[in-house]
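Here come two complexes built around chain A, the first alongside chain B, the second alongside chain C.
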Partner chain A sequence: MIQVLNLLLGGVFHAAALFLVAAGLQLVFGVQKILNLACGSFYALGAYAGISAVKAALAAGVPAPLFVLVLIVTGLALGVLGPPIERLLRTIYDRDEAFQLLLTFALVLMLEDVIRFVWGAAPAQLGNVYLLYGQVRLEGLRIPVYNFIVIAAGLAIAAGMGLLLTRSRFGGIVRATAENRSMAQALGVDMARISSRVFTLGLVLGTVGGALVIPAGAAVNEMAIELIVEAFAVVVIGGLGSMRGAFVGSLIVGVLKAVAIAVYPEAEMLAVYVIVIAVLLLRPAGLFARVTA
Partner chain B sequence: MIGALLLAAAVTAAAAVPLTGREYYATLMLPFFAYSVALLGLNLLFGTTGLLSFGHALFVAVGGYTAAYLGSALRMRSLEAMLVVAAVTAALVAVPVGWLCVRYVRIYFGMLTLAFGMLFYSFLYKFYGLTGGDEGMPVARPTLLGQSFGDLDKTGYLVGPYYYYSLAVCVVAALSMWRIVRSPLGLSLRAIRENADKAEYVGVRVRRYRFYAFVIAAVFGAAGGVLLVVPTGLASPTLAYWTHSGNLVFMLLLGGFSHFFGPVLGAFVFIFLQDQVMSVTEYWRFVFGVVLAAVVIFLPHGLMSLVTRRVDA
Partner chain C sequence: MRTTRRQFLKAWGAAAVAGATLRLHAAPALAQAGPVKIGVLAAKAGVTAPVGESGLRGTQWAVERINAGGGILGRKVELVVEEESNPKDTVERFRKLVLQAKVDVVVGVISTGVGLAIGPAAEEEKRLLLMWDGTTQKGVEETMPKPRYAFRSVDNEAEAVMASILTARHFKGKIKTVAGINNDYSYGRDNWAAFLAIMKRFGLNVTPVAELWPKLGETNFTSHVAALQQAKPDLIFCSFWSGDAPILLKQAHAAGLTASTRLVMTTAGGVHEQLKKAFAPEGMILGYNSLYFEDPKASALSREFSRWHQEKFKEWPTYESDHGYFTVVGYKAAVEKAAKAAGGKWPTVEQVAEALEGIEVESLSGKRGYRADHIMEATYFQGLSTHKNKHDFVTLESVEAMSTKQIQKPSGMGLYDWIASWNV
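This part shows the complex of A and B:
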């Protein structure tokens, strides 16, 4: 029983980070109709920058328990990259999907080397900072409190996104644009501004996700391209463009992976792709298509 | 006419490369031949039919692993046999995969092919006993038309008989694809690309023809995969990884998907540019990302559109 709980917690922890990236992917797809392959690169960027920022902050005498705030601020600060990247993508909004996909693939290639250039090829780690908040002991198992903080942060951001999209003026405009772009434009929505903001928000979700999850692991060069396919699995399962779909999809993928690793490690990703293909074939629009943005 | 002459000149030039004695460039031509074959197939799907596959590397990997498996497990060393078995295997894989994928178009087709590619990748990567896992499978030097060329060292073999064999396969692949594109099937595929609904009205069985294109593309992909792994001597799971599929589409776009020879030009420029850039900086991916972005934004019909008018793919 306790093993199962541990397994589920591991899965949910992974799902929290996955959700943030997938939510960014969904937002951008909803408004710009671009499947952004670079979302995994934003995640990796957040992870590497988070490590550097926490190390710098600790060296500068910031009290260690505040490192979570440093991570979040770093993720948010990377939002400055949003507008220029969106400006680049704007050149191809009215082109075929093939070109849009390839331009984001170009971003993946560039950002991969940017990370390699700045942080090198060796894995980067934060050491044991994440154990600062202590660990929960459960019948011989020790689970870092930090894992719960990440899960709570994921839930809080999910709730915040839900409120933002359904209750705020900005959210209304975003949903209107996702529903009917030209109609929204005709009604006076400044498309350039909305696109820029939505893309930046999507990017920040990814960088914050990467920054939050990294203290418990290590940042490696391959994390970007590996996460993209998982985030992509999430949005296919949940349905392209749906926030609720991103939430449920990331839980399914996260828990499925955790269970597969425990039960039959060979099937770790295989299981995920089998589900993806099954969903695409049986419900091509995903489990929760077109609920919100 | 001018085109035919240029083509003959290009093939002659390719045949002359090993004679110049610069073995290094000759070895660079080998992946070029392999990718040309695979890309001619991929372009039937994208350029001709209008379906963007982000999982074509799946079939390149099928070809590579077939060659490795035949050589190491079955001790079957004949390259002709490898090509035939790889083509048949790819077709067998492509029948169910294609049957499922062609029910969708546009971004959903791309995502489904990507998912199948990654499914195969995780199979190759995780099932160590069958596939060698992350280490991959070694590919033994195959015999060519029954000749083993035992007296040649590895480089001698590759820039000698194997070079001309690859060139020949590449030419045969191009001629076959030329026939396919100009057959009634090719015409139907172009009609589907331009307007699938209209094609359906005039009696083109859209889904069936897309399926044919998918299977043919898979066969070319696998043949390219066989040619690709012999020089490196290794079939590794990264052959099936999604970034490899992305690179295939990159080459296609770089050369120009709307021209029949665009894929070949794309493969050539990609490989030689990669070689040059890698010798200058280890950050070649960044440079290639910039090149890809520039092509996507400013040159959507690829390098071919700079040098010639459109010859339909």
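This part shows the complex of A and C:
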């Protein structure tokens, strides 16, 4: 029983990281109607910047247990990149989808090179902080408390996004713009400002996600592409533009992968795509597809 | 003054004759003063980027020293570097190096997929290709049965063979169950299969209780660690060679797996500075392929390179640097040998190819060379890991050095037939 729980926890941990990338993707698609392939790059940027920030903070004497805060602040601080990148993408909002994919893919490649230029080609990591908060011991199993922190952060952000979108004025405007852009514009919504803010929010979801997960792993140059592929599976399963879809989709992908690894490891890569194919065949718009104008 | 057609033609004619004369007179001098061009296909992006960088550093250092010593037969060496990416684009860049840049030899290549595509291209263009890596076995017999211009690196299973031999030596009688976690592509599959075959050959009778196949590039192993914990193996065999190695160790350590299970990491020495003491245990069999930076028996040359590398890049070198170094130095030695046989003239490509067969030179890891079948002979370094050092990452407690004559299958023999023929 405890083994099953351990397995599920591993899956949910992965799902939390995926959700943060996919949520950014969904948000940007919902409002700007562009598929931002660079969502994975923002995650990678958050990871690398998080490593540098924590190393600098620890060297400067910041008490070690505060490293989580350093990571979150770093992720948020990277939000300054939002407006300029959004400005760049604004040029293709009304263009053919092929242009959008090309431009955001170009961004992915450029950001990968920027990362390699700044941080080098070798993997980077935070060696010692993963176990700083200790481990939970359950019947011979040891689970780092940090894993629970990441899962909790994922849940908190999901809840926060939910509240933001349903209860706040900004959320109302975002949803209105997503549903019917021209009507929202006619009602006086400043498209430029909303686009900029939504994009920045989407970017920050990715960077904070990347920064938060990095103590448990390492940053490698090609991590962006790996995540984009999985985020896409999440988005296809959950439905394009839906936050609920990102949440449920990530859980499905994370848990399914964990189950496959435990039960039939040969199917590790295949398991997720079987679900993707099933969804495309049975409910092509995704599980929580939205109807947009 | 208007130029008439006649004057124009005269001027051009004079220029042409002058040019031809100049070229005729300059020809012998140019041939000697012109540089030797070595084309390099080095990976720059993606998972092989650190490996490509490592190889390129070894090549650059070799060229620096060769030029400081006067070059090859008096000709300076120039590097023309192109990127190794996917097979199709890399083959195009290979042709560009050979046909446009007119390089004398091409070195590089790490990915097996690229190697399989580029070997036949080298044969077609009749240009020497000295590959750094990328020699997982399947498909090689079909694409390059008897290469004339292409020279390959050590068989990629050599590290698994050596690690398996060390496993049998250190852990026989202590392990009953094994688990494998290897990347899901030819390298991972071949290494795991070789390990199991050798376990059997040595009579260890171990039962595989888990076989995991994460894709190359996976960065999260919490579920894999959970599956390994469920299987409870006595030993875990892992052929990770990139960023996934430290991630796996970190997550395995956090789950308590590294304390209770023996580990064999055949190639994690390639990212050795990432194997921090905080999570990498002592007593795991750790492989560094053909370069261990702190070998107590290292030559002066090797020590000089390690020092140079550490000073310049603030990190210690890894095995690909020796592949990079050897391919250049080996080429130089072959050119000199062939020139001598050809009476002092600059040798042809075919003459150099012949000279490369059976050659032996001093590299960063001791003696290295090529067999008659165009496959590298080198020395591999593995051992048990220790925390007793002045770094923040693990190193080897004692270094075991084995020649490829012991751990690489001989010419013309299949791997499994060779293992079956061992006297155990």
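Points worth noting:
By definition in this document, the second predicted complex is superposed on the first by the 290 of 293 C-alpha atoms of A that agree within 3 Å, B and C clash if a C-alpha of one lies under 4 Å from a C-alpha of the other, contacts with A are read in each partner's own complex, and residues count from 1 in each chain.
One rule holds in what follows: contacts are C-beta pairs under 8 Å (C-beta built on N, C-alpha and C of every residue); 3 or more make two chains touch, one makes a residue touch a chain.
Not measured: the values here are computed from a predicted model.
When both complexes are superposed on chain A, chain B and chain C occupy overlapping space and clash.
In the superposition on chain A, contact is made by A:Gly11 with chain C only, not with chain B. Of the two partner chains placed around the shared chain by superposition, chain B and chain C are both touched by A:Arg116. Judged by the touch definition given at the top, the superposed model places A:Ser182 against neither chain B nor chain C. Looking at the shared chain after the overlay, A:Pro265 reaches both chain B and chain C. Within the superposed three-chain model, A:Leu131 lies in touch with chain C and out of touch with chain B [touch as defined at top]. Remark: of the candidate stretches 9-17, 117-125, 207-215 or 405-413 in chain C, the one overlapping chain B after superposition on chain A is 117-125. Looking at chain A, you'll find residues 112-113, 116, 225, 265-266, 268-269 touch chain B in one structure and chain C in the other.
Chain A contributes residues 35, 37, 88, 91-92, 95, 97-99, 101-103, 105-114, 116-117, 225, 228-229, 232-233, 236, 240, 265-270, 273-274, 276-277, 280-281, 284 to its touches with chain B in the complex.
Taken in their complex, chain C has these residues touching chain A: 44-47, 49-50, 52-53, 184, 210-215, 217-220, 222-227, 229-230, 242-244, 246-247, 250-251, 254-256, 271, 273-274, 276, 278-279, 315, 392.
Partner chain C is touched in their complex by these residues of chain A: 3, 6-7, 9-11, 13-14, 17, 112-113, 116, 121-123, 125, 127-128, 130-131, 135, 141-144, 146-147, 213, 216-223, 225-226, 257-258, 261-262, 265-266, 268-269.
Residues 46, 52, 54, 100, 103-104, 106-108, 110-112, 114-116, 118-119, 122-123, 126-127, 241-243, 246, 249-250, 253, 282-286, 288-290, 292-293, 296-297, 300 of chain B are the ones that touch chain A when the two sit in their complex.
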